[in-house]
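In the two assemblies presented below, chain A is common to both, partnered first by chain B and then by chain C.
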Partner chain A sequence: MKTGNATMDHLISLVIFIAALLIFIGLFSQSISTAIVYQSHEALSTKTSDLLDNILLNPGINATWGTDGSTPSGFGLQDPEFTQYQISSFSLMRLDSSTGSVTEYDKTSPSIYYNQAASSLGSFLLTPIVQDLNYSTALSLLGISNTYGFQLTFTPDITVSINQTQASSPLNLEISTSGKGFPFANAAINYCLILVTLPQSDMQYPSYTIQNGAVTTDQQGIVNVAFPNVTDSNQVYAFIAYAHLAGVEGVGYYTHCTSTDQYVVPIVQDIGSQQTALAHSYDLNNSNPAPSSLKYNVTFVISKTDYTLSQLSLDSSSSTNIVGIVTSGVGNPYPVITLPSYTTGILIITYQQEDSMQGGVIMMPWGVRSLAFPVTFGGNPAGQNWVTTDIRQVTIDGIAYQAKLELWNQGSQVIG
Partner chain B sequence: MAKLIRTIEVLFVIIIFSGALIGVSYFTVLPSPRQVSPINLNRLSLTTLEMLDSDYDLSRAAFETDNLTLWGGLQVALSASLPPNILYNLTVYDVNDNGGLLYSNVTSISNTDSLGAGSDASMYTVASSNVTFNVVPQKIGDNGNGGTLYILNCSDSNGWWITGYTAQSLAQDLYNMLSPYFVNTIMVQNTSQLAQILSGNSLQGENLQNAVVINTFGEAVPIPTAYCTAPYSNNGYSYYSYFLGQKVNAYNWTWCSIVGYPFYYVSNTVAFSSLQNNWGIYGMQMTGQSGSRAFFEGLDGQTYVNDATSVISDVGVVTFTTQANNFCNYYGIYPSSYQTSSRALTNSILQSYHLNIAFNIFNPVGTYNPGTIYNHVATGATNVTGSLLALGLTRTPDVRVTALSLLSYYQPRLYPSEYTAAGTSREVVLQLGLAGGT
Partner chain C sequence: MIMVPILILQIFLFPIAATAIMGAWSNSRMTIELQEISGHLGSSIQQLYYTMNHASISSGELTAKVDVPILITDGNQGYNYLITLTNATNSNGSVKVMNLTLSLIGAKGEASTLVTLGQNADWQNNSTLKSNSFSLLCATKTSSTISLSFQGGT
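Showing the complex of A and B:
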């Protein structure tokens, strides 16, 4: 019996021991997997910081890929003419926006699809998809294809919002400025009011005059400006405001048009040659022929150091403006203009419906900086297991932006 | 109990395992996401400081700490540009040079009492607008030995193989680049002035001995009218080159040939007004290959012999030596490190004319030197008696190579202003933390 008791003791203890061992292996493996996950996430965080600096501190190969229309063999967004965290306004323009929509304009066949990076009525920036740098190419150029996914976002530090509080006699505009976490109080505001004249004669084209001024925001970052000379509530105008304080600068704009159904849309046809097509809005996305043609007057302006706008000549001519008529429908040619240089500026198009006093003004930033367009590029972080984020303060031709990179593991986990 | 001893032992093991598990679990708790994937506050801080100083507003504020308007604006800009969950403390430090603390706190602004344990900071140096930071070069010859730079700028001579430039424009470029490094820099404005220094008379009381003479006329050498006669005109004026070699030896000059075949032509637009150099350029005579040999003969104190044997070879593309590349960085002169040499001098001249290689600008190709400074050291002597910089490059010359060669040879030091001198610079430290941080 003694032998039997000892055997039972051994059997029971062995079963308990094996069971306990298995349970503890499982419990310890949880701690080990926790540590592995920690290491993985920390490595991802380090990678995020390195990758963001890598993108922001080199102009890419070749360095002028943002302006010459070529496909880079190395991805970078630094302005090739500057150092440190100064980003090229034109390289950003060539990124295939992940938040924009695709616009079809079949008159420019065979390249008929354009990326609408950002737009609202009054401002457009459409670039040819075939010349845009897409996400998968960027992943390959960065050497992280099938390893990591990312989304890169450039957001202006300063938001400048403009609202019309009274349409005429006087025209009242409220300028509201705010930063990421604080009102832009006591900031200097330099503004340009572009007042459009719509002629009654069919032989004449719309034109504009510019009225400049400077004000200062209050403690809430708000200021109101009044223009007593605007007495017509149907006055077509555009308003651009530059807010700046202690090296931090932001831009905002507002347009008021009376023809919001038909308008002229500038489409960058070729980045390298700086050719821009002027499309009738009814020709986009296979819309129906428009009831009327549009007279237009195109100018290109740059912002000077005193924040006033200065016109540059277009199409290598001495003329600072180009006028014409754009008609929708098959068989009607579209006008093409060539922008003067790779200087950041704004293409201003005033337009008017033929036989009508309806018109408007459209602005296209040449370089995203001109109207402080935000840029979002890359994949979608939603639904990813773990996303790390890092941010930098950058300037794009003097405008303060926040660059944010969100990074996640793609496919298998990458450690170290 | 003795019958269950094994079971009891296992229970003890389980207790030990449980203790170990509790201990491990206590120390292996996954940190908060903020600690696992932190925002790089160090880089954010640096980029924020750079942005605030993009229009030098930060620099101005750092030196105008009593200007409340300026500091108010700076604080608003700082608060507006940072995300709302970021806490900051911006502090300006002065740099002391009177002993004690090196840095003293001048002023600071902050949006919090405590940044927590997880903060990080960057330091940014700003300079006063009242101070200009200079780099002062050491003067060649400031020890009283030499220090004169003659740049041949003769208005009565024509150049050859300086296609696209005039000798005068090259002379001006060289003057701008090199005059800070010499005690005296003198433009030799005509061949009469050249004759004056050749005869040992200074132009402006400068030290003639140990001077540097840059011939900006390429393969042509200006010749004074007084020397446009025998014996200097012997053998296509190669005797004039011999005479120059003698003078370079006598005054211990460093003669600089900026391009092509040295001493291949002589030029005087007055004396040779109706004569051309066989290529249609009037005011010039071709000496040919004997010019270089004649110069070396004169330099070495040999008897003049007309020897037209070639001393050069076309060696194609050549590259800077490592030392030359280093001096590019030191002096901030960056000509292309790839050049084409069609007139590289042979090594055989070293033995024939008692020359030593003092500095190679370009890597030798076989037995040929595309760009070299030669020192003449006579037999039995130890001191240098005359030097030649021969840049055997093809046209058109880049005079930056000439400047780099001379600076690499003489190696004058550069003395930058001290950036941390008191009152000239201040340190701005921006420390960032996350709201709610531990």
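Showing the complex of A and C:
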């Protein structure tokens, strides 16, 4: 019996010993792996900061890839004409937006897919997908394929919102400005009201006049402007407001159109040659033929230092505007215009349905800065185990933006 | 009496287990630190290169202080590391890619990073230097090249 008891005691004590050893190893390993994870997160945040600076402080290789249509060999977004955190408005335009949608336009075959970076009725920016820099290429150029994933966003620091509070007699617009979580109080606002005239004669084309002005926001960052000369509630117009205070600048816009079903869509066909197609909205995404053609009048304007708009000539001609008719359906050619230069500006297209008084105005920023479009590029951080973020304040042709990089480990990078 | 051999065994087993776990932790920790340093050095080289590559600078020399540790410790002992600069294989002729490899001296651990630079970038291929033998990064621009090197011992 004594031998049996001793054997039992040995077994129990051995089991307890092994259990104690395993508990010790488990708890110790847990503490150690927590420390390793903490350190790898710290390393990731250093990498985020370095990577963001690398992207923002170099123009890429070649430096003019944003404007010449070439594929870069090195990824960078700095404006090649400047130093520090000054970002190229055109390089941003070439990024394959991760929040945009794809638009198909068959008439420009073989290249028929376009990236719609940002749009609302009244403003469009469609760029050819074949010329856009996509996420996987950017990962390769940065040397972080299979090791890291990222999302890069550029958001205007100043939000300028415009609402129509009264349609006519007078036209009342409320301009609301805000920074990141605070009102943009006592900011100077310079505005341009683009009033479109829709002619009754079929032989004439829509045109516009510009009315400039300046006001100041109140403590809440809000100001109202009235235009007594607008007496028709169907008046087609576009309104652009530049808010600026102590060197920080923001842009906002608003458009009012009466033809919202049929409109002209500008599509950047080739970045390098600056060719832009004018498409009938019914020709996009294989829609049916439109009930009517659209008369258009195209101009290109730049914002001067006093925030007034100045027209530049188009298509290497001395004329500052191009008029024509765009008809939807197979067999009907689409017009193409060539933008004047790589100067940031706005392409303004006034249009009118034939045999109708319905029309509108469309704006296309040439360079994202012109209408302060936001840009989102890269992968999706949602669902990633650990994401580190770093931000920089940058300017894009004078407009204040916040650049944010979100970075996460991918694949074999995790250690521990 | 029954527990005596077990207790004697634990005198050896627990420290052995602790040492093994601590060893694995030290290796991982040092590898992460090497990776962090290699990434940071690569980023510094790239930024220095692009600063000098700007069209507004025709020629000259620019140095930048390198803010990386000289030693990597495992908790008890500090180790120097060796930096090796090599030309990475690259099919794209319009860029040069530098492979920056860091390896611990006297311990196990290695990390590397790729640095994409322009065609005019130049550095001594297969050059090596110890972590305590430099404190500055230097870029010298001539009409045709931007030479990158490390300078200044501690």
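Before moving on, here are some points about what is shown:
In the analysis below, the second predicted complex is superposed on the first by the 397 of 416 C-alpha atoms of A that agree within 3 Å, B and C clash if a C-alpha of one lies under 4 Å from a C-alpha of the other, contacts with A are read in each partner's own complex, and residues count from 1 in each chain.
Here is the rule we use: contacts are C-beta pairs under 8 Å (C-beta built on N, C-alpha and C of every residue); 3 or more make two chains touch, one makes a residue touch a chain.
Since the structure is predicted, the reported quantities are computational estimates derived from the model, not experimental observations.
Within the superposed three-chain model, A:61 lies in touch with chain C and out of touch with chain B [touch as defined at top].
Judged by the touch definition given at the top, the superposed model places A:248 against chain B, while chain C stays out of reach. By the touch criterion defined above, A:84 lies against chain B but remains apart from chain C after alignment on the C-alpha atoms of chain A. Once the two structures are overlaid, the count of chain A residues touched is higher for B than for its counterpart among chain B and chain C. Applying the stated contact rule after C-alpha superposition, one finds that A:24 touches each of chain B and chain C.
In the overlay built on the shared chain, the residue A:47 is in contact with chain C alone; chain B does not reach it. Look at A:391: by the touch rule set out above, it reaches chain B but stays clear of chain C.
In the superposition on chain A, A:143 makes contact with chain C only, not with chain B. In the superposed model, A:183 lies in contact with chain B only, and not with chain C. By the document's definition of touching, neither partner reaches A:337: not chain B, not chain C. In the superposition on the C-alpha atoms of chain A, the part of chain A touched by chain B in one complex and by chain C in the other spans residues 6, 9-10, 13-14, 17, 20, 24, 28, 35, 42, 53. Listing the residues of chain C that touch chain A in their complex gives 2-3, 6, 9-10, 13-14, 17-18, 21-22, 24-25, 28-29, 31-33, 35-36, 39-40, 42-43, 46-47, 50-51, 53-56, 92, 94-95, 97, 113-119.
Those residues of chain A whose C-beta lies close enough to touch chain B in the complex are 5-6, 9-10, 12-14, 16-17, 20, 24, 27-28, 31, 34-35, 37-38, 41-42, 44-45, 48-49, 53, 84-85, 157-158, 178-187, 245-248, 386, 388-395, 398, 400, 402.
The residues of chain A lying in touch with chain C in their complex are 6, 9-10, 13-14, 17, 20-21, 24-25, 28-29, 32, 35-36, 39-40, 42-43, 46-47, 50-51, 53-54, 57-59, 61-63, 73-76, 78, 80, 83, 141-143, 415-416. Within the complex, the chain B residues that touch chain A are 3-7, 9-11, 13-14, 17, 21, 24-25, 28-31, 33, 36-40, 43-44, 47-48, 50-58, 61, 70, 72-74, 76-86.
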